[in-house]
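You will see chain A twice below: alongside chain B first, and alongside chain C after that.
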Partner chain A sequence: MIYVGAVSDIPDGEAVKVQGSVPIAVFHVEGRLYAIDDTCTHQDASLADGWVEGCAVECPLHAACFDLRTGLPSGPPAKKAVRTHAVVVSDGEIWVEESVAVEPRFPVGAGASEHA
Partner chain B sequence: MRAVTVVGGSLAGLTATRALRDQGFDGRIVVVGDELHTPYDRPPLSKEFLAGTQSVDDLALTTPEDTELAAEWRLGRRATALDAAERTVVLDDGERIVADAVVLATGARARPLPGPMPAGVHVLRTLDDAVALRADLVPGARLVVVGAGFIGSEVASTAAGLGLDVDFVANGAVPLERALGADVGRFCAGLHAAAGVRLHTGCGVAGVVGSDRVTAVRLTDGRELPADVVVVGIGALPNVEWLAGSGLALDDGVVTDSAGATSLPSVVAVGDCANSHRSYTGGMLRLEHWTNAVQQPVGAVAALLGRVHTPAPHHEVPYFWSDQYGHRVQFAGHRTPDCQVEIVEGDPAAADFLALYLDPSGSPVAVLGVDRARSFGRMRRRLGDRLTVAT
Partner chain C sequence: MSTVETATSLIPTLPGAHYTDPAIFELERSRIFQANWFAAARSSDLAKPGSFRKVDVGGESVLLVRGRDGGVRAFLNVCRHRGAQLCVEPEGTLRNKIQCPYHAWTYGLDGALIAAPNLTSMADVNRAEYGLHTVTLREWLGTIWVCLADEPPSFEATVQAAVTDRLGDPAAIDRWAIDELAVGRRIVYDVRANWKLIVENFMECYHCATIHPELTEVLPEFADGYAAQYFVGHGAAFGDDVSGFTVDGSAGFETIEGVGAEHDRRYYAITVNPQVFINLVPDHVIFHRMYPMAVDRTIVECDWLYPQDVIDSGRDLDRSVELFHRVNQQDFDACERCQPAMSSKAYAAGGVLVPSEHHIGEFRDWVAAAVGRRTSVQLERK
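On to the complex of A and B.
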C-alpha cells in the first residue's frame, strides 16, 4: 500500500501525486477519492495537474478526458485508458493499493490490433 | 445533406470527419489529402520524433475505431480547384467530386528561403521533412537554424540534445519575440545559451553557401556561419492558392466567421488554413495551433449540419504549447505589443513560472506558464470566464 496523506490534505477538486511503480494521481471529488495513473496515455503530461469536472479529469496538455472511476478516455487524442487503483481510507489517512499488473486497457470498441 | 468532401487529410480534416459522424451525419464523406501518409501528428516532428524517442507509429492520429467513419480516403491526391456553385472539388488527376458541402482543411506549408537550395537545407512541416532532417542530425554536425519562431526554437533544442553544434539566427532581438514578447523572449534566449546554442540576434540571412551541399550561411551583417545542416523556420503559408478564382474570400487564408463559415454557402474552413473571426479578440486571426485544429472543426461541422454548437468559454481562448530544453511552455490568450508582463508565480531564473500579460488597463489578456501546468490551466479558464462576462 502506498501512503498518500490525510484526507484533509486534498481539498475537494484537487489532486496529489504519489509514487508507485509509476506516478499515481489521487483525486478528491465531492467527498470521494479516486486513484489513477498520473501520466496521460497520449503524451507526457501529469493528470494531477488537470482540470477536474464531475467524475473526469481533463489532461492539462491536449484536453483528453479520463473517467476517474474507470480510467477510460472519452475520446481523442487519448486512445488508451489509464489504470485505476483502489483507495483505502483508515483513520482519516489515505492509502492506495496499486493495481498489480501494468495491464493495458482500451476504450470500448477499440480493435484488438491495439494490443500489438 | 447527402455528401461532404473534406479537403486536407490531417489533424483538422480528420477531426472534421469524426465530428460529422459524431453529430449524426450518415452520408458519404470523401477526404482528399495530398500526402501519402494517413493522418499523423505534427508537433512531435520537431520534438520526440526528431529526437528519435518516437516512431512513425507513435505519430498516427487514427485509431482502429476510425474505420467506422466509413470515409473514402483519396490520399496522394491534390485538390486543384473548387467549383463553389456546384460544390465540386477538382483533383489533380481530373476527378471531380461533387458534394453538398465542402470542408476546407488544407493547413499550411513551410515558407522556404527564396531560390534553389543545396542539399542539407531543410524546412520542417511534414513527416517526410522530419525523416530527411533526422538523417542529417548527426552528433557533432554544425547546424544553423534560421528563424527564431517555435519550429526553430524546438529544432535548436532537440538538435542540441542530440549533440549537434548549433547556431541560431534570429532577426529580432530575442527568440519568439513576436509570439511571446521581449521579456519572455529573453527568458527563452537564456535557455538556448544554457544549452550552448549560439544565438545571433538582429540579423537575417543574406544567402546560403554551397554548390552540391551546404557549407555555410551568410548573414546580413556579412558574417558566415559554417554549416553542415541548415533548418529554415521562417513561418508558414496557408495552402489556399488552389482556391483562387473560386469566389471564396481569401486573405492570409480562407476568411471565415467564428464558426468557420466562409463567404460561400455550405463551404467551411478550419485549422491552419482558416483566417477566422475570434470572439476572444474580436478580430481576425489565423492560428497555427494544434488545439485550434481540433476544436474549430466541431463548430464548423455543426454549422454545416444546421446544429447549434456553443463551445466552452475556455475553448475560445487561443492556446498552444511548446517543449524546449526539457521545459513545457504553455500559452493561452492573445498578446498585443502594448502588454505588460507580470510574473505571478515562480521564478524565470529557475525556469518555473507563471506570467500574466496585462493590457494597458491592467486586465489579463494572456497567460504563459513554464512547467506550471496546474496553475496555467486555471488561469486559462479564468481568461475564458472573462469572455463570458464581457459578452
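On to the complex of A and C.
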C-alpha cells in the first residue's frame, strides 16, 4: 500500500501525485477518491495537472479525457486506458493499492510527489 | 524648436517629422506607450472566465485574460519555450488553458506553467520560473489599464491625477459611476493619422464652429473656440433651447443617478495621456481608447456608456450616439487631412498654436521630453 496523505489534503476537484512503480494520481471528486496512473497514454503529461470535469480528467496537453472510474479514454487523441487503483481510507488517511506493477513507460520524475 | 520668430499669440507645434518619422514613432512606442499606463480594453469585454483579448501596447503583444477566479490578468503574448505567439486571434474564449500551438507548452489562465510534453521527466525544471511574463494591471472606470514599464509610474499621480486636474475634484468622476455603466454602442474608427494629431485635435475647440455644427448647436460657447479642456472644473453649458446631448438637441435619457445639479446640462472632456479621451454628459459617458498602429495610422475604439436600465429598456440610442459619432467623423476627417501635409517642407518646422490652443503646448512638451529633443539640424538632415 502506498501512503497518500490525509483526506483533507486534497481539495475537491484537485489531485495529488504519489510514486508507485509509476506515478499515480489520486483525485478528489465530490467526496469520492479515485486513483489512476498519472501519465497520459498519449504523450508524457501529468493528469494530476489536468482539469476534473465530472468523473473524468482532461489531460492538460491535448485534452484527452479519462474516466476516473474505469481509466478509459473518451476518445482521441488517447487510445489506451490508464490503469485504475484501489483507494482505501482509514482514520482519515488515504492509501492506494497499486493494481499491477508495470515497467514505467518514461523515466520517473523525481519531483513527482511534490505537486498538490 | 523653431528658429522662426513668432508673435507671442502664436507658439510653435511639434515639427512635421514628429508626425511622419517611423523612428520617432518607435521611440514613442517604448518611451510613451510602454512607459505609461495604457487603457487596453473595457473590463466588460472580458465577459467570463476564459475570455481573452489581444492588444498591441507600444509594439508589444499583450494578452488580457479573465481567470477562473474571475480576475483579469495581463501577460506578454510570448511562449516561454521558443517564443511563439500564444494567441493570434484578436479576442475569443479559452476553455481552461493558454496553450502554445507550437510545442503545446500549457499555461493556466493565471499564467502558471501547468504542463509541457515530457516536462514530468525534467525533474530539475522549476515550473514556477517558467510562467508567462505578467504585465502590471489596474482596473478603474470599468477599464483595464496596463503598464509595461518595469517600474510603472504611480497610477494615482498620472491617470487619476489627469482626471482630477480637469474636473478640479477627485471625487467628481465617481458621480458618473463609469464602472457600472454598460456599453450601449461601440464604434471603431481606423484613422489614417498620427496619434498626436488626434490628441491635439481633441484638446482644442478652435475648430468647433467650423467643423462641428451639431456640437456647437448643443454647446453654444464652443463657437468661442475655447474647449472645456482649456479650463479646470468647467463644463460647457448646454444651450438654453437644448434638451439633451443628442444630435438634434432633443431630450436624451434620465440624468445618471449620482450626477448632481452642478454637473447637469454640462459637457466635460478629459484627456488622459497618452491615449484616452473621456466625455461626460448628464445621461451618458463617451470613452475613447486609441491604439497607435503606425506613425500614420491609429485605431480609435469609442464606447458610448449608459446605465444598464437604459440599455435594458430597449430605448433608441441613435440620436444620443449620433452626435458624438458625427463629431468623431468630423475630427478624424480633419486629422486625415493634416496627415499628408505633415511631410511637406512647408511644415518641416511645424505650425503654430493660437491662444485658445496654448494648453496643447503642455502636451507637445510632454511628448518632446519623452522622446528626447531633436535639433532643427537633425530634422533638416532627414
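By definition in this document, the second predicted complex is superposed on the first by the 100 of 116 C-alpha atoms of A that agree within 3 Å, B and C clash if a C-alpha of one lies under 4 Å from a C-alpha of the other, contacts with A are read in each partner's own complex, and residues count from 1 in each chain.
FYI, a residue touches a chain if its C-beta (ideal position, glycine included) is under 8 Å from a C-beta of that chain, and two chains touch if they have at least 3 such contacts.
As the structure is a prediction and not an experimental result, all values here were calculated from the model.
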item	value
First, second, both or neither for A:T39, with chain B first and chain C second	second
Chain B versus chain C as contact partner of A:K79, first or second or both or neither	first
Touched partner set for A:L61, first chain B, second chain C, both or neither	both
Touched partner set for A:T70, first chain B, second chain C, both or neither	neither
Partner chain in contact with A:W51 - chain B first, chain C second, else both or neither	both
Intersection of the chain A residues that touch chain B with those that touch chain C	43, 45-46, 49-51, 60-62, 107, 109-111
Residues of chain A defined as touching chain B within the complex	43, 45-46, 48-51, 60-63, 76-77, 79, 107, 109-111, 113-114
Sites on chain B touched by chain A in the complex	15, 18, 41, 44, 48, 61, 63-65, 67-68, 290-291, 294, 321, 328, 330, 373-374, 376-378, 381
Residue ranges of chain A touching chain C (in the complex, touch as defined)	23, 38-39, 43-46, 49-51, 58-62, 106-107, 109-112
Sites on chain C touched by chain A in the complex	96-97, 99, 104, 106, 114-123
